[in-house]
Amino acid sequence: MSNESFEPRLVGFLCNWCSYTGADLAGTSRMSYAPNLRIIRVMCSGRVDPQFVLKAFKEGADGVLISGCHPGDCHYQEGNYKALRRHRLLSKMLEQMGIEKERFRLEWVSAAEGEKFQRVCNEFTDEMKKLGPLNLNGGKKNEQ
Amino acid sequence: MAKLTIDDLKKIKEKAKRRTELREGGDYRAKVTVHMGTCGIAAGARKIMNAFMDELEQSKSSDILLTNSGCAGLCSREPMATVELSGQAPIKYIDLTEQKTKEIFQKHVIGGNVVKKYALGKGSEKTDA
Amino acid sequence: MVNLTIDGKKIKVDEGTTILQAAEKNDIKIPSLCFHPLLEPYAACRVCVVEVIKKGESEIVTSCNTKVTEGIEVKTDSERAMKARELNVEMLLAQAPDAEAVQELAKDLGIKETRFEVKDPDEKCILCGLCVRACEEVVGADAISFNERGAERTVSTPFGQESEACIGCTACSFFCPTGAITVEDLLGREVIHDELHLGPSSAVRVPIRQAVPMVPFIDEEACIHFKTGECKLCEQVCEKEAVDHDMEDEEVKVEVGSVVLASGFKPFDAKRIQAYGYGRFNNVITALEFEKLVNASGPTGGKIRLANGKEPESVGIVHCVGSRDENYNEYCSRVCCMYSLKFAHLLNEKTNAQVYDFYIDMRCFGKGYEEFYHRLLEEGTKFIRGRVSEITDVAVTEKEEGKLVIRVEDTLIGAMRRIPVDMVVLSIGLEPGIDQNEIARVFNISCSQDTFFLERHPKLGPVSTFSDGIFLAGACQSPKDIPDTVAQAGAAASEALSLADKGTFELEPVTAEIDKDLCSGCQICVSLCPFTAITYNEEEGISEINDALCKGCGTCVSACPSGASQQRHYRDNQIFAEIEGIFIE
Amino acid sequence: MEKANEKAYRLHLMVCAGTACVSNNSFGIKDALEKEINKQGLEDEVLVVTTGCNGFCERGPLLVVQPGNVFYQQLEEKDIPHLVEEHFLKGRPVKKLMYKPPKEKSPIPILSDINFFKKQVLIALRNRGLIDPEKIDEYIARDGYSALAKALTEMEPKQIINEVKDSGLRGRGGGGFPTGLKWEFVSKSSTNGQERYIVCNGDEGDPGAFMDRSILEADPHAVIEGMIIGAKAIGASKGFVYVRNEYPLAVSRLIKALEQARGYGLLGKDILGSGFDFDIKIVRGAGAFVCGEETALMASIEGRLGEPRPRPPYPAEKGLWDNPTCINNVETWANVPVIINRSADWYSNIGTKTSKGTKVFSLVGKINNTGLVEVPMGITLREIIEDIGGGIPDGKKFKAVQTGGPSGGCIPAKNIDLPIDYESLTEVGSMMGSGGMVVMDEDTCMVDVAKYFISFTQNESCGKCTPCREGTKAMYEILDRITKGEGKEEDIDLLEDLAKSIKDSALCGLGNTAPNPVLTTLKYFKDEYEIHIKEKKCPAHVCRELNTYTIDEKTCLDVGHGCDLCRKNCSANAISGETKTAHQVIQEKCIKCGVCYDVCRFDAVKVK
């Protein structure tokens, strides 16, 4: 599998109030961006349990993104602060497991930042292409 | 002194009364006067007075007045004393000795009848006492 | 009841009343000097003598202590009583010529001057013993008493020395009918602005005259009862028996549905700006102090006076003291401009002083505010645009002698100016209340950067906070004037009430729930929840979620080590399934 | 002396040891007697006894020889040897030491024949001169404590009170309030559990009054027995004797008497086995006359400032520490035992219709027989002054008598036939008072007497109420002006107004009665006041500023031959002339000290 034909499979956890709305805005604004990111909606970035990130890598994700509201904007006050703490701690752990910390990314995307979401998806996909596949599960595909 | 009861009080009164009664000049049954003029004393009136004092003390009676007076005038028959029972004429006794005094005290002062053999006579001059 | 005739009038009084009290009830005036209703009658001055006829016998008695007995006839101004009373007063006039109370009494009784030898013309003490008895019966300090005897009799402390028993409560000088005992502040405490120093005049008083509610309180430092356990005169005289010295503050637990926080603001402490000289110069006062000065029921009765009692000829009003200033508070306190204009107007109206107003921007934002500003311009107030740098009393020209000089950069003419004035009013801004953070922590609401409380949303939720049921009103949310505060208070109250009377309550669909069997009671989630929706149940040893408060953010679910806490519609296995679904080709 | 009790003596020498005689060296006489008796060997026959005041103070030191009641007076130590030998040894009484009335030729040996004693009836002073006050047995010997025994065992409290009521006994302190009635009030007033108190008022502040002192010195047990009986009657458990600290002998005798009574179980718990507890404490007065007034006295006992308080409430209701208290004078208490023993009827037929029993007077002033007399109520002033008092010395004319001390008044000579009792004295403007009786002769200036008494009450006023504090001062100032010749026309009316106003509106007894001396002198001797004011003269020559001294030149030259004695003694050298020439007084320089008048042996100096 050569680098250019390698399409990284990315998982993104978006908070319902800001990032998911932002992504929606990017879509409704007809912005094109790399389709590699598969999105899971959660009520708040604070809801993202480190297990989900590990599960995603285990299932074959090459990179995981968490995106929440800007600090202070969180609909639930402090959810994004909790996400920030978990991201710092988890990325250290991933490094120890041999997973490059760039594969696990945290972004603040407010409801108005459709353009930013587009940029993040493209950047993240290019980075993962450079890094190459993670192949934690030996490249096996999941059957139905 | 232990706590008194009523009759203790009466006892004390009796005892103390004997001494203070003398001061009140109460009415006496008998009055004994020892004549102690200068010559009387020289003739031994002091001893007679003491004799009378002892007798009075033993008799423990409180109605006898023992007193002294000046010279009765009859120097030759000193020491002399007059015994006067209330309601009777005073009797003068002469040439007294302690022995005679005791006898006179018992028979006349206490007993009430005159001891003729020692008496001089009835009556007496008016004395200032 | 006892019946008697007094000055020809037949009256009935109850048992134990004294003749003086009976007379007073039928508004017959009997003079008295050593009597005081709050003290036991002492009957020493003998001025209240009346003639009493009982069973045909007449005698002279003092009315203050003689109790009424059945069938007596009292003549308060019979020839015999008047003779005795006049002579007693004439003798008192000789003993204490300088006592006004005696002079007045003498005048009423028609005594021109006394025929008796005057020992000391400026003697005031009539030896009535009111002070001694007050100190003993009321105060319970027993610090002073009579000493010596007869004509040498005086009132004094033991051996005339300063007495430790004296608690300085000035009750003796209060009770003294002739002013023979005066009170003097020996320490000579320096007071910045005499009139403003509202020292306690009496231990039970109304805080300020416009206090709401207008209810007196007992100042424990000044009240004698808390010093010696005696007195309680206020309790005796209060007909409504409303006084209770044993009342204590008590913590009351009130179950409420919602709370409106209106904890107000704290005025900016002008002393923090050294350059303005507040605290150093007597005539530099803050806006609050000016309010007291100009208040009709204030200490000066509304007259604007300098520290030395004279009327100022020129006054400077300085805006934005402690506001719009990165050294202190960046925000604008919003209300200062308008009250400063009010001050300027009052100064023009009440004094003929020249008013200078130092402003940066005149923020007359409200209804009719701008028009009021234009009136001020016509009234002759001189407005100088610029921030005042310093107030000093160092005079450069002799015009500035004895004045306070305000140094300011007039930005409209681009030059530094020195304006000599008699008085400076500092329009101090508003700061969050002293215990702002304390309250925020208790109600678990957050504060914005300038530590005023953070409203849920500046436009959509200005009176509510992130915690449901906690509402905000007034300056604690941000500086505002009275109209805005009242409007906001109305809104907060109605929102609070709307919660209460709705009866039903919409719950968030995605709230979390804790599985009782899995929960180990580690309470990690309790401190995590921004909405205090999780409480630890002591008996059962597990944490519980209050559905009404839970917003459904799920933070607690991801933090729960045992997975006891699950979020409806976003359960862990649901999200795992989503993840797995992503990788199915 | 224990031995002496049993031994019978034939003679008891009763030496008077009252304060007056003691100050006259009566203890010296006693020692001399004892020394002489021992020398003569008569110590077993003759006993020397010291007694309380005998009463005839003028003639102290006194000795009464019992039995026989022979009365010796004005003894000196040098007379003793002769007396002991002559009378006690040889039984011949010594005439020159006996009492010889001034007008009589021969002395009167027997005490009871002497006029001073003849008309006296002794109840309160029944044991005077007959017992040694420091020996309780001698008091018991003369029926002492028998009344107590009777009261405690045979009588109910009600009976005791009725007995005292029927006897008609009235307060001897001066008020004259019926004692029985007072006891009844106290016994009736509710005490809801607290104690009741008995107080004996021995303050006796009147100048010249020494009745209470003599009673306490001569017969303390009479007072103690009276108080215990009173306590039983009203149900009191604690008693106080308030006695002046200026009576050291009386206090020490009282202390000894209390100890002996306590020793015999007559005080303290379960007295005489009757279950009745009562004890007495002595409280010493600090010298304030006002503390004689009952409420001031109680304040002093409570340790407070001695200052009267308005009454009612009377002490019978609210006294010491607000408990019912019965306060009576020393003499009143001394009468009580006799009433109980001899019954109310016996007591009530002594004295007049309204004033029963006897009264002890201290007869002082211009009188031959100064001393303590106890006379039945109703006796006339003449009998006291002429018979008992032995008339006025140096042939002077009797002018007036002042009774009741500073609260009393002056009774002029014309009332000499006034029978003495409470009502009669108050009618003439004076009052019984404690019993001070000061006799005045023609050489007394009534204005000066009034001034003296008002200066006393002014000085002793407690100063609490205006009329007394300022009124007495004002009256004193006016009188002082009059005696200095600066009296004004309207002073007399002002004095009368002041007196009436003070009497009416003063708070306590002291103030109400202080004007009495002035009122009575004004009433009976208004002419003297007018002479002092109008003519600036003092008829009795007492007010010195008003006297003018002149020398009758003829007498000075012819009789005195210009002896120049007056000039030498004149400190203001206001007398001119030398020896052998007639002298004159230089009026401007004369300071009116009166030395020349006193010194001149030839009566050449005249005072106008």
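Going in written order, the chains are labelled A, B, C and D, and every chain counts its residues from 1.
Operating definition for what follows: a contact is a pair of C-beta atoms (placed from the backbone, for glycine too) under 8 Å apart; a residue touches a chain by one contact, two chains touch by 3 or more.
The structure displayed is predicted, hence computed values, not measured ones.
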So, comparing C-alpha centroids, which chain is the farthest one from chain B?
A
Nearest to the mean of all protein Cα atoms is the Cα centre of chain C
Sort out for me whether A-C or B-D is joined by the greater number of C-beta contact pairs.
B-D
Round to the nearest whole Å and give the separation of the Cα centres of chain B and chain D.
42
Take the average of all CA coordinates in chain B, do the same for chain C, and state the distance between these two points in whole angstrom.
105
Would you mind pulling out the distance in Å between where the CA atoms of chain A average out and where those of chain C do?
61
Cα centroid separation between chain A and chain D, in whole Å?
125
Send over the residues of chain B in touch with two or more other chains.
none
If every chain is a node and each touching pair gets an edge, what shape is that graph: line, ring, star, complete or other?
line
Touching chain combinations (by label order)
A-C, B-D, C-D
Given the complex with chain D, which residues does chain B contribute to the contact?
1-6, 9, 12-13, 15-25, 33-38, 41, 46, 49-50, 53, 56-57, 65-70, 128-129
Spell out the part of chain D that touches chain C in their complex, as residue ranges.
288, 290, 305, 307, 310, 312, 458-467, 469-471, 473-474, 477, 494, 497-498, 500-501, 504-507
Along chain C, where are the residues that touch chain A in the complex?
446, 466, 510, 528, 530-531, 551-555, 557-559, 567, 570, 572, 575-576, 578-580, 582-585
Chain C - residues contacting chain D, complex
41, 43-47, 49, 59-60, 62, 65-67, 80, 83-85, 87-88, 91-92, 94-95, 115-117, 126-127, 129, 145-146, 148-153
Provide the residue numbers of chain D that touch chain B in the complex, in ascending order.
5, 7-12, 14, 41, 44-45, 66-69, 89-93, 130-131, 137-138, 140-146, 149, 153, 263-266, 270, 272-273
